[in-house]
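The structures considered in this document are given below.
First chain A sits with chain B, and in the next complex the same chain sits with chain C.
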Partner chain A sequence: MPELGRAALVVTLGLSLYALVAGAAAAHLGRRRLARSAQNALVASFASTAVAAAVLLAALLRNDFSLEYVARTTSEALPTVYTISAFWGGQEGSLLLWLLVLTGFGAAAVSMNRAWARDLIVWAVPVFAAVATFFAFLLVAVASPFVTQPAPPDGAGMTPSLQNPYMLAHPPLLYLGYVGLTVPFAFAMGALISGRLDERWLIATRRWTLFAWAALGVGQLLGSHWAYVEVGWGGYYAWDPVENAALMPWLAATAFLHSVMIQEKRGMLKVWNMLLVILAFSLSLFGTFLTRSGVVNSIHSFTESSIGPWFLAFIGVVVAVSVGLVLWRLPALRSVTRLESPISREAAFLYNNLLLLALCLAILWGVVYPMLSEAVRGEAVVLGRSYYDFFLRVFGLPLLLLMGIGPLIAWRHASLRSLGTTFRWPTIVALGAGLALLLLGAGSSVPGLVAYTFSAFVATTIVMEFVRGTRARKALGASSWPSAFTSLIGRNRRRYGGYVVHAAIVLLAVGVAGSSAFDSVAEARLTQGRSMTIGDYTLTYRSLEERQVANATEIRATLDVRRGGRDLGTLQAGKNAYTIEQQVSNEVGIRSDRLTGEDLFVIAEQIDPDGSVYFRVFVKPLVNLIWVAGLVFLAGSLITLWPDRREQRRLIARAGEVGLPATPR
Partner chain B sequence: MTLALLLAAALTVVCVLVVALPFLREPEPESDELDELADDERGRLEALEARDRALAALKELEFDHRTGTVSDEDYWAQVGPLRREAARALQALEVAPQVSPATPRREDQPTRERS
Partner chain C sequence: MVIALSVAAVLAVFLLYTSIAGGGNPSLAPSELGARTDEVQLAGVVVGPVLGDAHAGGLRFQLRDIRGDSRETVPVRYSGSVPDLFRAGRHVVVDGQLRHGTFVAVPGSMITKCPSKYAPKRSGDSA
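Our next item is the complex of A and B:
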């Protein structure tokens, strides 16, 4: 039923356009029913987009190759789960997912905040609608997933590297993150246009921003694990432009989540927060543009397409209009207080913001430089890994340290003497850890050693905060230590959930430092029965097998693994030759040591007809901490995201006090 | 094809009805004006925010002092100004124009019975 899909998208376009025009007119003229009608149009646009999505999903599951999109992204032999993931595996489907999530989030955000931020929502609706109109227009006029053709006997299939379970979660999570950043943007613009610059737009969007940020973070970690186990180059992050495209809005959102606390607690940084929201949203659009325009050569990007100029124009309009609105409202965005001391928690947050922004802009420069150099000099000059690694060390290491300093400094002003007392234990532990690691040989990489030392500092501050907080709760009347601990988190989920996220970043830093600064690599061509060594490991090439599966021929080399004379079993590495896609993929062998977090990582680079194999082997210390960090990050994010009934009651009471009748939803 | 077009037509009709619902439910409302906050209400809202901000800061300082995150010296340097700030916020709220709490607004009134 491609006609139904096409019609549903046209209906979405009409509804979005109506919500934009009627919503803006209603807000400007002060018309209540028209405003409500525009809100209903936004909700209805979600329903019509869902119909279009259902039509595409049904066509994928039925292998309806009369749809160009289905024929291009799937085949008869493709397993069902990957047929489902083909929904977002191609350009048009991923744009449809963008629109579906956008209209869904828009409808939900409007419904959830209607009770106490009604006057703000009136202007947020046309902003949501403007973004939805753009995507609906692309899907109707430029990149429709419902273009038909005479059905071929089979489809072209899916890129082998995308045939991986991670592809079921990684792209949708990134979309949830990208699109989720529309919510704070829409409310911020609503607040600017309406002049309602009180706290409500921040409160209305806080959890949405956290959700988008958490989804982007988890999505990126899943993507890193996918690259590690599937792409087969021996790493998890390549500073690829499309990987950076997801990292940049995450960094901007991280800066916003910290600086927004200063606005809430001190009434400062209002302009800065607006600019960060605009930056995060613009970078999420820029990321979508990078992935879909074909301007960059990346394993993650889609082929060159006609939507690039549309995206670029839209990003230009978004930036120009939103910055114009900030300038227009500049007098109303003045801070009510000033920074009292450079040694205070708000100052630490400000330094953290500057470092995050500097890192974000350095990455942005690295991404756009090849495009600019090509435009100016006719030759794309790519900034390599060393460029990004340099800025990661310059900005990332101080950021890591600040993560430990910030929570232990008082708001407003902290005396130097109290700093000495507060930081005594974290400093002793960090210096002790650094010295011990130096004696153990970690001095071979100074940045790695510094990262470990700072991580020890931050970890100590986190433990101290939990211990002191639990002790205080117990003294305040908690019946037991566990109840004191849960009450500590329950009463301030944002703060203590934030510490859990900090713990995740510490694990990430230790994992990244260990696996990149202290890794080792060995290469050798082996015939059967021959061995190679790397570190304590000895690998002996035993056999080579070939087997046929549904959509590929699998070739696997089996190696015996020994460490220090102890037999650790076997490991397989090889290649898959995909029949329909006519592509070959590396299938790496990984042996993880759960106790130390170390991986033995084997790539069968080249398999020769005589049965000899050219192996590349890595030992990556502590790499598994990166994936553990993902779980801890998720736990911390869930704690901060968990609804806070006390806060909800307070907001509703406050709304009631000014005459906004608020019904709890 | 025909079924698809019928479904598309049905979808369009439903969406149009949803969009038109506010006008269908209230064809002749007493007032169609948006429920905006008046200047005095906005002033009061800002005063309430300032009060909550000051009280929350005081509460956090007390807790941080109790846990030992904030030293005695920093605590005594800050608690006075913060208490004064909270008192000022409460005072500002008292002089701010009172707004009748939770006056039923148009959007929350039950739909009028139509004959």
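Our next item is the complex of A and C:
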């Protein structure tokens, strides 16, 4: 079987190499049949990669420890679902998953746009093929998942913290996001090389970008929730390089999704959009590099590996070639129109873009700073949490405010008077909310208070937009309010789905501000029967139990929880000691208040032989809004992603009118 | 023009930050620590025995280099939260400074790295 897997990967490498060379030749010489053949090779490379993936999956399921990869990531006792998740648990499997998704996305995107954007497709195919060739080469020559060995009696097993349902969804979603960003990149390069620089590459890839961006967003929130409930240190995001690795392309893609609208409506920012696509794709490669190379001190690092230099070289080539192409086409990328006023929707979107990019680059700087300082000063300097928090406030808070302003301000030129009318109510509500919160004692954290106030502002604008739109639909003859509301969303999914996503970001901002700026912590060593207080909670340590389960010993401390005079029941916190892996893991106790979104978070830090326990307890106000935000984000993304034939036809028709060749080749 | 201005603004914010908060901490291996007593980040492999109580008086252990052949170790005293994965042989990172020959860690600053189950075992890792 491993031979089949190896052979399938070699076939993939051959096919993608053929698609690259034949595709480029066909596009350059204008040979239609050869181009078609290159496209077919791309589709076939998906099939051969799927064979390789099936071989690896089968080996994992059969516990075939003669494969080194299987022996390293699984064991006999590992439950079947986690045996499947071992597919992306290691480096080689991750790369294979990447290649599988890449060839799949490439084949699908090419087939779907073949009919109406042929001149783009002929160049997008070799770009896809180039990326696929790189990954196939790594899998064949550098990091093969099909290396065999004399089978050991049992595998090494999987780290306990990864034996978790989140690990079934979190990594694949991030990969879908990372790889999905290849699609806009390939079409953008296709547009650059072919010189067809009209808006069609944007129309062809809009849904793909949205999909990749939504998958990255949901994947990250799942990861945060996993960290919160499983890793057990009381937080959900630690600005770890590997976490930042997913955040950076997401921020770049967010900027791109916004600036694309400006290009579609006003023909501006063409160069900027190209650069954002290149940045997003390079950052997704850089993210994989960070996760897999171990060059930075990360709590996630999987030690150094052989693929690091290859990745770095590939990123260098990608950036150099794509930026070179942009420079080459610079004259053709001139804006049709100019910015008319600093107070206009275009300008607001531009500010939004600059802030997103600034935040993204500040994070990137923080991530690479240890490497740069090591190279320059011979000493790796690590930038801590305060660095990232500072920039999140400086760039993130204005960004939050702009989210309320941008969608409502007029195109081209807005008068100050019209601004006054548009934003009268949101401003009043925001100031009122801010004042009320100040009186309630939220002044203890200025950034927190500002975040709340801005959130109130944005929330009001979103509600107003929905009310106004629904009213208009009703006036246009919708039979009832609910049908007016649904037809409003249905007829303009992009806009109102966008508002729903904005609402999710507001919830996220409130949740993050609440749980980080206004949280409290207490710790104490308690013997049985003793109590500790935090806020208005009183916790009484009752008993300690020890249970033996299949692969671990579970120790749990039971606490009675009271708030005010009210009994809130019991909460358990403790530790699991895993026998085979010889590891201990914290199992935290969390009590969520459904009404206020507040969490009581209990860690049993240390359990002493005499039965006393050192507890660390957090109260995190509003933290549950973050997870609610995840659901709202998903809903908003689905609304915008839902296929809308009418809109697609309209966009294609418009692209047709614009006329095809913008510049001769 | 707008872009140029924004770039200037971003640079200004950077300068503002560095003037307020200073740089970060240098990250060192135990053999590089020498006699320096400023606040640094120390990354190394835990060498047992691990003694003491993290919540009373502090945990005491030694750290040695992750890479290279240096046998040099640095005694560390640490109090506060101990990550799940902490034990002899694991890679940990702590912030702190050297005081009277012992590296006194900032309470709660310890992070451990995910165990390298996914990478080939190296002989040095099984201390």
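Side notes on the structure shown:
Assume the second predicted complex is superposed on the first by the 648 of 665 C-alpha atoms of A that agree within 3 Å, B and C clash if a C-alpha of one lies under 4 Å from a C-alpha of the other, contacts with A are read in each partner's own complex, and residues count from 1 in each chain.
In the analysis below, a residue touches a chain if its C-beta (ideal position, glycine included) is under 8 Å from a C-beta of that chain, and two chains touch if they have at least 3 such contacts.
Quantities reported herein were computed from a predicted structural model and do not represent experimental measurements.
Of the two partner chains, chain B is the only one touched by A:Arg417; chain C is not. When both complexes are overlaid on chain A, the residue A:Lys474 reaches neither chain B nor chain C. Legend: residue contacts after superposition of the two complexes on their common chain; A:Val584 is shown touching chain C, with no touch to chain B.
Residue contacts after overlaying the shared chain place A:Phe391 against chain C, while chain B stays out of touching range. Touch criterion met: A:Val43 reaches chain B, while chain C stays clear of it. According to the touch criterion, chain A has no shared surface contacted by chain B in one complex and chain C in the other. For chain A in complex with chain B, the touching residues are 1-4, 7-8, 11, 15, 18, 26-27, 30-37, 40-41, 43-44, 47-48, 51, 118-119, 122, 196, 198-199, 264-267, 336, 407-408, 410-415, 417-418, 421-422, 465, 468-469, 471-472, 475-476, 650, 654, 656-663. The touching residues of chain C, counted against chain A in their complex, run 2-3, 6, 10, 13-14, 17, 20-21, 23-28, 41, 43, 53-56, 81-85, 93, 95, 111-119. Every residue of chain B that touches chain A in the complex is listed here, in rising order: 1, 3-5, 7-8, 11-12, 14-15, 18-23, 26, 29, 31-37, 41-42, 44-46, 48-50, 52-53, 56-57, 60-61, 63-64, 66-71, 73-74, 77-78, 99-108.
Those residues of chain A that touch chain C in the complex are listed here as 72-73, 89-91, 156-159, 161, 231-233, 297-305, 339, 342, 347, 350, 354, 358, 361-362, 369-370, 373, 379-384, 386-387, 390-391, 394-395, 523, 525, 583-586, 603, 605-606, 614, 616.
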